[in-house]
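Take a look at the structures listed below.
There are two complexes below, and they share subunit A, which is joined by subunit B in the first and by subunit C in the second.
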Partner chain A sequence: MSTVTLTIDGQRVTVPEGTSLLHAAEEIGVEVPHYCYHAALSAPAQCRLCLVDVEGAPKPMPSCVTQAQDGQVVRTDEGLAREMRKGVLEFYLINHPLDCPICDQSGECKLQDYVHSEGRAHGRGVEPKRVFGRDDFGGDVLFYGDRCVMCTRCVRFMEEMAQDPVLTVVERGDRAVIDTFFEQGLKDSSWSGNIVDICPVGALVSKDFLHKARAWDLDHTPSVCPNCSQGCNVDIHTRDNVVHRLKPRENPEVNGHWMCDYGRGHYEWMNRSDRIEEPFVRGDGGWSAPGWHGALASLRERLQDCRGPVHAVASAHASNEDLAALRELVERIGGGDIVYRSARAPDEVPLPGFPMLARRRDLAPNTRGAELLGMRRVGGDDASGGLDEVAASTGTLIVLGDELADQPEDFGSRAELFAYLGAHPAPAARSAHFVLPVTTFAEQEGTFTNVQTRVQRFEPALRAPGSAQPAWQVLGALTASLAGER
Partner chain B sequence: MSAPARVPFRNPGWAGNTGEFDLTEAEVRGTDFVGERPLDGGHESAAPSYPYMLPDKDPDAVLFEGPYRERFEKIRTRYPTARAALIPTLNLAQELRGHVSPETMDEVAALLGLASAEVRGTVTFYTMYNKRPVGRFLIQVCTNISCSLCKGEEVLEAFLRHTGTELGETSGDGDFTVIEVECLAACGFPVAVQINSRYYENVLPDDVPALLQRLREHGE
Partner chain C sequence: MAYPYVHEREVRMISRNFGDPAARTLDGYRERGGYKGLERAFEIGPAAVIDEVKASGLRGRGGAGFPTGLKWSFMPKAGVKPHYLLCNADESEPGTFKDRELIRWDPHQLIEGCLIAAYAMGSRHAYIYLRGEFFEASQVMARAVEEAYERGFAGRRILGSENDIEVTVHVGAGAYICGEETGLMNSLEGRRGEPRVKPPFPAAVGVYSMPTTINNVETLAAVPHIVEHGGEWYRQWGTDKSPGTKLFCVSGHVEKPGNYELPLGFPMMELIEDVCGGMAGGRALKSVIPGGSSVPLMDVEDCRECTLCYEGVEAAGSMLGCASVIVMDDRTNIVREVRRMVQFYAHESCGQCTPCREGTPWMTQVLRRIEAGGGTEADLDTLLDMSAQMTGTTICVLSDSAAAPVVSSIEKFRDEYLALIHGAERAEVA
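Up next, the complex of A and B:
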């Protein structure tokens, strides 16, 4: 591929032919401010903020669509370019309400950032500002017209990515506003949450997140969306050990810049407070809480004595490490069948403009991992049933992660040994001899295997409650002690 | 009131007539633009894109049938994409119905296979589409710079007073709707007023009552 060499802000940079000035500047760590340009969408060059000074050009050039040329001398950070941005930013603030103190975008707002770094310290406007108020677009999306900078990223996302052009610019001039066809709203779009992500200002905000937290208070933890087998890369945003939202993290091989509304909306379960906080052991005199050492020591003894067949129920929400540790333990105590149940949606919901990405039928992150570890899927598409054989077991029964919500109270009562490893109390586990608290994926490190058989790592976003431990640690310790290594 | 003896307005209402030459409108503008326009829209280069207000608008007219269906088909073949055919199709719809209602936008979107939202965006961008029903005479008064210097605001005020309407509202008898517009490209003849598809130039506030009277009696 042929390359061109140019000078940006005094630094020489060599880029492939056809690279835009904006990307060439990125190569040397110079961020040219921009609104309308988004790497995944078409570039209308209408925000006029990425104008840069190109030597020899009669006028400032929009860097998002101007191709780098050999020998070009470009200035982004002084003189004309800076003056242009200052002027353009002043225009952006003519009707902007400057309501940052009550705006959700505050702290992650490009208008705020740019004006703080390069804009005028004081406005010169004396006319009253025009006022639109807010509009409910349906779904999770709320529109504040006064804050809008008319970059039309949202319009282009719905047109090019969702390929469901329900958004448009209505009216013209200072009356222009983003809207749908009258009261139609976003209808039942499965991808509308992404327009909130790509909105550079606080015009499109999430109803779910509205006034819940300030952006600068949130901790971002790289993770993987646990709501289907696509395994979209996400950041979990937490504050004070509470998950407040999931945001997509760019991965061109998996989810691009996007994620679906279904995945985005299902995070509340990570905040559930009904948790098992310490290990419980059921003896003749009822339940006792002997602590991890005591519980594991007696479980180990019981496992050594057990002679019956081994059955295990796993969960496709568990990490590869948890599942592998379960597999190893089952092999250690004589081997047996491991089954899992997982919900399946009736169909896939692809993103037409990025067909690699879809909300997959499997509504659990690790069905592929469970499959590869030789586990067998049972039960229906609603993740119920299919456990008759397991329930009738008279040998050893280990349940990891499945809450057994559909099972009767006497589930596992015939088993010689019944160990339940879970994050949440399960009514059907009242016959268990051991109830061991494990962490959710959000509280531990691990990997999921997605539908493309791509193993993706996630990191702990939350502190685990009580003495809950990752399942792989509990199971691994048991296997190790059974092997006599400790 | 000392009514001047001159004619109510100083030209019969077409751009360029300064009274200096003895030319007819047809001689200046060409016959395609003058007189009874045939239903197929006259000269085919201008016909589909030039909205021509029918004297009797029917808000419930079918989109499209008869000669209008033919004109619509002609539009379809003339433009490479549905998006390109949108504006002439909207012109045709407004010519028939007099205004472009949300229902009309939806129907046009369905006819062309476009998104309703996009049609709404286009209709609201262009000020020449009436978003609400208008009277028999749509009076558009220019108050842009040249006309403003020649009492454009007063002419507008006079039209509102003598028709008894508010800006943008239709008079009780359904005859008049008065709106304020930006430049009509007749800056040499301020104040410019466009009534339906015809220009009236050099209009003064005092001309307004006679002009309205003439419209009531003789039409455009």
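Up next, the complex of A and C:
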């Protein structure tokens, strides 16, 4: 590939031919402010914020669409470029409501950032401001027209990525405003949350997140979306050990910049407070809570004594590490069939503009991992049924993560040994001899294997309640101690 | 009746049929010498047509004054991709009313010009994009195109030759910005009328993403005459850098406003005093906008020696533009006039680029406040600052156009601004 060498802000940089000045500047760590440009969308060059001074050019050039040329001398940080940006930023503020104290975007707002770093100290606008007010765009999206910088990223996302052009610019000049196609709105869109993400200001905000938290109070933990087998890379945003939202994290090989509304919307379960907080053991005198040491010691003893067939129920929501540890244990105690149940949607929901991304039919994050570990999917597409044989087991029965919601009260009642490892109480596990609290994926480190067989890592975003432990630690400890015995 | 005002110093070439309804029909046009240019074009071939137009020195009459022959030569050689010719008949610049007259009096002249231009550039389809408000003109044009099709002057095998050229009349929806060439293309394609980022230029990627040339009505109207009589013949009028004749649309405070076809280089004061019969009511001249509302204002001093050609008006500190001469007498409130123009641009801004979308209404607000006596001297600095931020910073030149009269009026008529500003202060004291 041929390259060009140019000078940006006094630094020489060599980039492939055809690179825009904006990207060339990125190469040397210079961010040229911009709104309308987004790496995944077409570039209309209309915000006029990324204008830079190119030596010899008759006027400032939009760096997002101007290609780097050999020998070019570009200034982004002083003189004309800085003056122009200062001017454009002043224009943005002429009609902006400056309602940062009540705006959800505050703290992660590009208008705030740019104006703070290089805008005028004092505005000169004294005229009455234009007012658009608030509009419900449908779905999870609210539109605050007064905050809009008219970058049209949202319109272009719906056109180019979702290929569902239900947003447009109506009217012209300073009356121009983003609007939906009559009453249709975004209610039928499966990808509309992304326009909230790419809105550089607080014009498009999430109803779900509205006034829940200030951006600067949120901790961001890199993770993987647990809501389908696509495995979109996400950040889990938490405050005070509560998940407030999921945001896509860029990964060009998996989800680009995007994630679906379904995945984004299913996080409340991570905040469930009905948790198993300590290990319980059922003996002749009923339930006791002997602590981890006592519980594991007695479980190990029981496992050693068991001679019947081994059955295990796993979950495709568990990490590879948890599942592998379960398999190790099952093998250690004589081997047996490991099954899992997982929900499956009738259809995939693709994002047409980014073909490798879809809300997959498999609504669990690790079905591929379970498959690769030799586990067998049973039951229906609503993640129920298929456990008749297991329920009637007379040998050893281990359940990891499946809440058995559809199962009868006498599930596992004939088992010689029944251990239940879960995060939430499972009424059908009343016959269990051991109920052991394990963490959810959001509280532990681990990996999921996505539909592309890509193993992706996630980190703990929440503190685990009580003495809940990652399942791989519990199962691994058991296996290790059993191995020590032999 | 004769066209409202005709003056003996006019050179009536493209306007020769103004006021003559009989020329609107194909037969009427032919009787008056029409379609000879097309016949000659077919004889000499496309390359020779472009050479004649180059030799004539014809410059684009839409405002920019770009040499037409050169523009035509930018089109790639005819190949697999279709080429398009667009005729920009979206005449909307305040003060301009020449194209409308060319269309309503002499539609076949324009069709002939389109056919020759399309032929020269290997285009088999010409679109005539008419301004939405041109009701009568669009009817006349549609009728003429229909007649041209019926009589074999458009469509397949024109005049029995091998040349096929479709001519389509398209009426816009009434937006100034659709007169900007790429805005026009978007509008023609059914998109929002928003100018496109250049490059790519229309000659490479134009309407329907195909090589396209876009010419003004008046430019194309001159083409049949140039091709029929030769480029050198056309140069007998005008100056070396601005050859030929030009329609001057004179409006404002003159006795006889109207369209006058004059050789380029005609002295401005003679246009006002002689051709237009002098200032209305014998009042004194205050200012002239020589090229439509987008160009800087001139004061009396600028006008005195000004000759009306591209280089002449530029030397006088303004631009010939589309030669829409707006004459203002000594009673004119310049601030009000400037505000009115800027308000027009604010209304017509497409809203894509921030400096234009936000700047034009802001300017209007500030000017309105000054007009009403609420201004300060600092406002003038703000206006000049804004103007600088709106010049050369946007996709098209609409915001530049709004800034030009603001800058030139503050420069040349600062006293009028100050009178409004300080008059208000005096009133407050009283």
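One rule holds in what follows: the second predicted complex is superposed on the first by the 483 of 486 C-alpha atoms of A that agree within 3 Å, B and C clash if a C-alpha of one lies under 4 Å from a C-alpha of the other, contacts with A are read in each partner's own complex, and residues count from 1 in each chain.
The rule is short, and it goes like this: a contact is a pair of C-beta atoms (placed from the backbone, for glycine too) under 8 Å apart; a residue touches a chain by one contact, two chains touch by 3 or more.
What you see is a predicted model, and the numbers here were worked out from it, not measured in a lab.
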Of subunit C and subunit B, partner touching more subunit A residues: C
Touching partner for A:46 - first (subunit B), second (subunit C), both, neither: second
Touching partner for A:180 - first (subunit B), second (subunit C), both, neither: first
Contacts of A:58 with subunit B and subunit C, given as first, second, both or neither: second
Which superposed partner A:166 touches (first subunit B, second subunit C, both, neither): first
Contacts of A:95 with subunit B and subunit C, given as first, second, both or neither: second
Where subunit A meets both subunit C and subunit B, residue numbers: 169, 171-172
Subunit C - residues contacting subunit A, complex: 175, 177, 192, 197, 346-355, 357-362, 365-366, 369, 382, 385-386, 388-389, 392-395
Residue ranges of subunit A in contact with subunit C within the complex: 43-49, 51, 58-60, 62, 65, 83-84, 87-88, 90-92, 94-95, 124-125, 127-128, 130, 149-150, 169, 171-176
Subunit B to subunit A touching residues, read off their complex: 102, 105-106, 115-118, 120-121, 124-125, 127
Subunit B partner contacts - residues on subunit A that touch it in the complex: 165-172, 179-182, 184
